[in-house]
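Have a look at these structures, which come just after this line.
Next, two complexes with chain A in common: one pairs it with chain B, the other with chain C.
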Partner chain A sequence: MTNTSTVARGGGASPAPGRRRHAPQRPAKARGLSPRAVPYVLLAPGLLVIAGLLLYPLGQMIVISFQKVGIPQINGKKPATWEGWDNYTRVLDNEIFWSSLRNTLVFAAVTVALTLVLGTAVGTLLNRLSKKMSTFVVIGIMSAWAVPPVAQGVIWRWLFDADAGMINWALNLLPDGLSELLFGRSDWTGEPWLNDAFTIYLVLIVCVLWSSFPFVAVSVLAGLKGIPAELYEAARVDGATPWRIFRKITFPLLKPVFSVLTILSIIWDFKVFSQLYVLMGGPTNREAFNLSIFSFAEAFRSPPKMGVGAAIAVILTLILLVVTAVYIRQIVKTEDLR
Partner chain B sequence: MKFARIATTTAATAALALGLAACSGSDSSDGAATSGASAPAASGPKYAGQTLTVWRLGDSNPAAQKYMDELNAAFEKESGAKVNLEWIPWPQVNDKFTAAAAGGAGPDVTEIGNDQVPLWQSQEALSPITPLLQAGDQAEIPKNLLGLETIDGEVYAVPWGAGSRAVLYRKDWFKDLGIEVPKTWDEVVAAAKKIQEKKGKDVDGFAFNGGSDANHLLAAFAWSEGGEYAVKEGDKWVGKVTDPAFKAGFATYTGLVTDGLSGKSRLTQNTVDIRKRFANDKVGMYLTAGWDLPGIEEDSKGKLKGDKLAFFPLPAKSGGEAPSFFGGNDITVWGGAKNKEMAADYVKLATNKEWAGRYASEGGLLPIYPEALAKLKDDPAQAPFAAAFAKAKAFPADPNWTEANETKAVLQNAARSVIEGKATADEALAKANGEIEEILNQ
Partner chain C sequence: MTPFARKRLTRIALNAAGLLVFLFAVFPVYWMVSTSFKANDQIFTTDFIPFPTHFTVEHVDRVLSEGVAGNSIWLYMRNSAIVALGTVLIGAALALLAATAIARFTFRGRTSFLILLLIVQMIPAEALLIPLFLNVKRLGLYDQLLGLIVINVGLTLPFGIWMLRTFVAAVPKSLEEAAWIDGASRMTTFWRVLFPLVAPGLVATSIFSFITAWNELIFALILMSDSSGYTMPVALQFFFGQRGTDWGAIMAGSTMMTIPVVVFFLLVQRRMVSGLVAGAVKG
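Let's look at the complex of A and B:
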């Protein structure tokens, strides 16, 4: 975001105030670093940590995805053998991969869109509330955001429980006529929400939406606070409608915020694991797998096939990279992200 | 735009932090194995000061805990080593074994399901203990009980107790509702319907098992019709689940839900889930064995025990009694044991006539020693199991069976797609057949 200024400061014609103050003979730079190297030295510790914790495992994952790795290979009783593209062809031939891919993509598209729309709506609402009320609502929604993923899954699993769940109970309380009109049925007793892939994903969308919109709402609120009130006054004086104001003032000015929020939401929603795992009650229902669960099930359930699991993870990473790269390119092109 | 900056920077940091989440595997070095033999024998017991980690499978319950306490005390007295006991619930067993075999903290001695032995042997997680079965009490264990444990001429586990399954039912409900103990499958269905009618719609008359151990139930139905999962022809497995006999059993199995004997919202429940519902008055009958009784007593806070519960052999739809899965629990030395000699001594003690006998009688299993088994036929409580044991069969003996059975849950998924009306039984079984062959022949 501050790229241009950093480049100007670090590289090129350094003003080097020190040089002016001290005599040129002074060996200040002789044993020191050239000013060009300073930023890299300062970056080195961070890069080292990232390399150790992120790049090395990532590299290992890619290596393993071309190998046969099971328990004897991990505990060193047998060497890992190279399999070429076998793991990948095995994955691509598996129809569970394609249903997982579909589940992952559709789920991410729907959830990212809903999260952003709901988050923005709540963010704009928060901006118009009084200070006390706004704080109250922020605390309220942020506690949903703070719930750990496994607990989120457990909460929604219980709400949607077929026999003891509140959702079926509440749907049964609806007047029969209304329920008939809305859903074409009035008896919801024992409705199994968590059997079928489609309904599991409905519950999952609600669950993830519930826990992720607060972050969007608060980020949007932060952005809104930064927009000068004069702009809105001027628009109101000119007689603009609220929708027009949002479209012409709020949205363009908040575009950088939206860009970042979209990328983050895409990344988060692609990787949903714990909530789905809990809602499904473990990796048994294979039609409801997404790529993360599929990768986990192949890699870690007995007998472990780490190579196949790694291949799925590589494919998931590539898809994510492509999606985010396309999106970032779009942003850079329109120079939104300043 | 200051706030926006802060927000976006925070978000970016958060993203980085999430990306950093990496799991660390610990390399265990078992090089520090201390030899028990070299311990000075003069200074008291052989393994004084050492600790032995033992994994028992299942949920702890007072009876089993008491047995283990006494067994461990006996071992401590004999050898001087302290025993560190851990309980591993059945649904987690394969995951815990995987972690232990991959280099995590594992046991020295572990209990293991007899059908899991081929898998963990193939993962090189077990040590051969053949000499242990050639001397003492253990030499009297019938050789036909070692089918799953013997691989390439070496024995990898010692049978501890055998298990066959029968139908556990609520005797008190049957009495209240005037139901006779069913002798045919139709009577089971009628009894289940009557229970649901009187005890509530959310009660499972006869519980459907679609979880990790579902094949114990499905197999009983399929085998009773003469069906098989797969047969080895030459050196290749050939799937048999599309055969009419298997299909008939499969239809009985899915019929539990489609005919309404069991709720359609619980298609992935395993025996542990069913047992908990049974303890909470939500199940009338299900297929299990005596080892569930202590857990039921505990989960129902002592309400369900004694004469409120009883077993009957599962009637086959085609008449007679259905064959039961030949289950059993073994005990063995884990491949990563620090002191294999000490671990083998523990196994030796636990499987002698006294302790294996107590393990079976106190844990609700069948004894492995012939003379003890012969006595059972006179015991009315054990007779249904002894009867089922006579007809017991095993799953395909292949290290990859666990993958088809539990990990990929091939037939559980087939059953679910049939129950939900997404596929016909023929389509689902044809798909399952291909997958079973692929898994077993890999």
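Let's look at the complex of A and C:
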């Protein structure tokens, strides 16, 4: 009897019905806390933090996006005035918004695709290497992943430096004929990569791809390790080509991994900030803004227009939610959230 | 070609590809470190100097003594460390409690909470920038490291819970049940049975939060107006001066910022990846 009641102290964890009626005999430690209340008590602090630091501000942001919030309002001298949809029309009429939107979408699409392809290729490669070699390469790519985003920006800004950068030196090494054929030029000395929006984004894509493919590769490798080798042997005996094996065995089995990797990559690449901030040298080049930096610049560069900044942030959040909703639904549906 | 020769060739090709990937990943990091130890005549050149033959620690010296924006790099390192450690200490406690609730109990609202965790991770930090800036000002936390700590706890917690719950769930329930049967109280069971087994996962999750807080740029940029409160990511921006960039110094600063992260990362990488993917996939 004593034993059964001690088991009941596990609270809701033990599903056996009827045990709960022993609850009143809980020992002193669980005093005053019914097993039913335990998970809520454990959850409360975290939930409060999430509510106070994420959900409530999210609501505030929506409210602010309909208000005029400048310096007097920030300092509490004047109450915020209601602006209706003015901030939104102002944003939509601004051509910088449209170029920022285009930059955000194109960058995310290109980078997510490249990251997944390169990451999967490297993951598959790692799976076929010997254990020693694979560990060696994994340590190498993990160190790229570990570099802080600000330092990533700094490194690639240095590599692409106009005068003393490695990249211009390397491009000058190409045989003139080949360089002429590929790029229509042979002299790369002093090529300023970081003045023009298009080339800034080329550098940004390389930078983000470099730092994010390792995660995809290592995840794919972890997934591949879980697939029984017999499946591949059987396929090979049946004479399947590598591409067919990938399509018919690897991809279907790793589909959950791929969907998670896709969603994480989309989230990360949509809101890229630090690297772009460093490559541009602060929010200066308006043509190269993405939505994050556009919102930041409107809200915090003088004169601060917090309302407009909030409106841009609302639009960014909505886009992100729409893009990722499909995947969230898929995760919720297929993984039954144990 | 004999099958043996072909196998050998494949192996060589695979290893070569692996080496190429390794170089692509490591070269930029190497370039950062080597630049920070090169004398200026080897930095500002159109030639390629693979190795610092004019080895010098003058840049490291300079960022430590002169520093940037009026303070030594040490101060910024210290600020970053305070913010990151504060975030980890508070965040780990909160995450452990919540993760235990999710992984060990079935209760009403559990699924909704999990979905909430998923959704809040989609919220871009930029979206919270403006309201959190105003709130921090109102609460008098502007220009204080505590303000940054609080915000970083908020930013890292959802993922922390998400990741930690798989580690809690991985501990066999029968161990705790055995302890209960032996008469251990709920608290004792938690501290003596569950906690030691979850500890490695807690370390991995904490390191993840540490790195996120250590790397955080945007909030540090807007919540700190006084240079003595800058964190490393903000301080690094000030190396890009009007009178050209002191690449030796900025590479030395970046290297110092990067080293602790890379070390931590390599220590927990295996667990971190399984936490990220398993956490997301297995639900």
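In this section, the second predicted complex is superposed on the first by the 279 of 338 C-alpha atoms of A that agree within 3 Å, B and C clash if a C-alpha of one lies under 4 Å from a C-alpha of the other, contacts with A are read in each partner's own complex, and residues count from 1 in each chain.
In this text, contacts are C-beta pairs under 8 Å (C-beta built on N, C-alpha and C of every residue); 3 or more make two chains touch, one makes a residue touch a chain.
Predicted model only: the values in this text are computed from it and were never measured.
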item: Touched partner set for A:286, first chain B, second chain C, both or neither; value: first
item: Contacts of A:91 with chain B and chain C, given as first, second, both or neither; value: neither
item: Chain B versus chain C as contact partner of A:204, first or second or both or neither; value: neither
item: Partner chain(s) touched by A:303 [first = chain B, second = chain C, both, neither]; value: first
item: Which partner, chain B or chain C, touches more chain A residues; value: C
item: Which of chain B and chain C A:189 touches, first, second, both or neither; value: both
item: Which superposed partner A:114 touches (first chain B, second chain C, both, neither); value: neither
item: Partner chain(s) touched by A:70 [first = chain B, second = chain C, both, neither]; value: first
item: Which of chain B and chain C A:101 touches, first, second, both or neither; value: neither
item: Which superposed partner A:53 touches (first chain B, second chain C, both, neither); value: both
item: Set intersection of chain A contacts, chain C complex versus chain B complex; value: 50, 53-54, 57, 74, 163, 189, 215, 218-219, 222-223, 256-257, 260-261, 264, 267, 281-282, 300
item: Touching residues (chain side chain A, partner chain C) in the complex; value: 2-3, 6-7, 9-15, 27-30, 36, 38-40, 42-43, 45-47, 49-50, 52-58, 60-61, 64, 69, 74, 76, 122, 125-126, 128-129, 133-134, 136-151, 154-156, 158-159, 161, 163-164, 166, 168-170, 189, 210, 214-215, 218-219, 222-223, 256-257, 260-261, 264, 267, 270-271, 273-274, 277-278, 281-282, 291-292, 295-296, 299-300, 306, 309-310, 313-314, 316-317, 320-321, 324, 328, 331-332, 335-338
item: Chain A partner contacts - residues on chain B that touch it in the complex; value: 1-8, 11-12, 14-15, 18-20, 22, 25, 28, 91, 94-95, 97-98, 101-103, 119, 122-125, 201-202, 210-212, 263-268, 336, 399-400, 402-403, 406-409, 412-413, 416-417, 420
item: Chain A - residues contacting chain B, complex; value: 1, 50, 53-54, 57, 70-72, 74-75, 77-78, 162-163, 189-192, 194-196, 215, 218-219, 222-223, 225-226, 254, 256-257, 260-261, 263-264, 267-268, 280-282, 284-287, 297, 300-304
item: Chain C residues within the chain A interface of the complex; value: 14-15, 17-19, 21-26, 28-29, 31-32, 35, 43-48, 93-95, 97-98, 100-102, 104-107, 110-111, 113-135, 137-138, 150-151, 153-155, 157-158, 161, 169, 173, 176-177, 180-181, 183, 185-188, 211, 214-215, 217-218, 222, 232-233, 236-237, 240, 247, 250-251, 254, 257-258, 261-262, 264-266, 269, 273-274, 276-277, 280-283
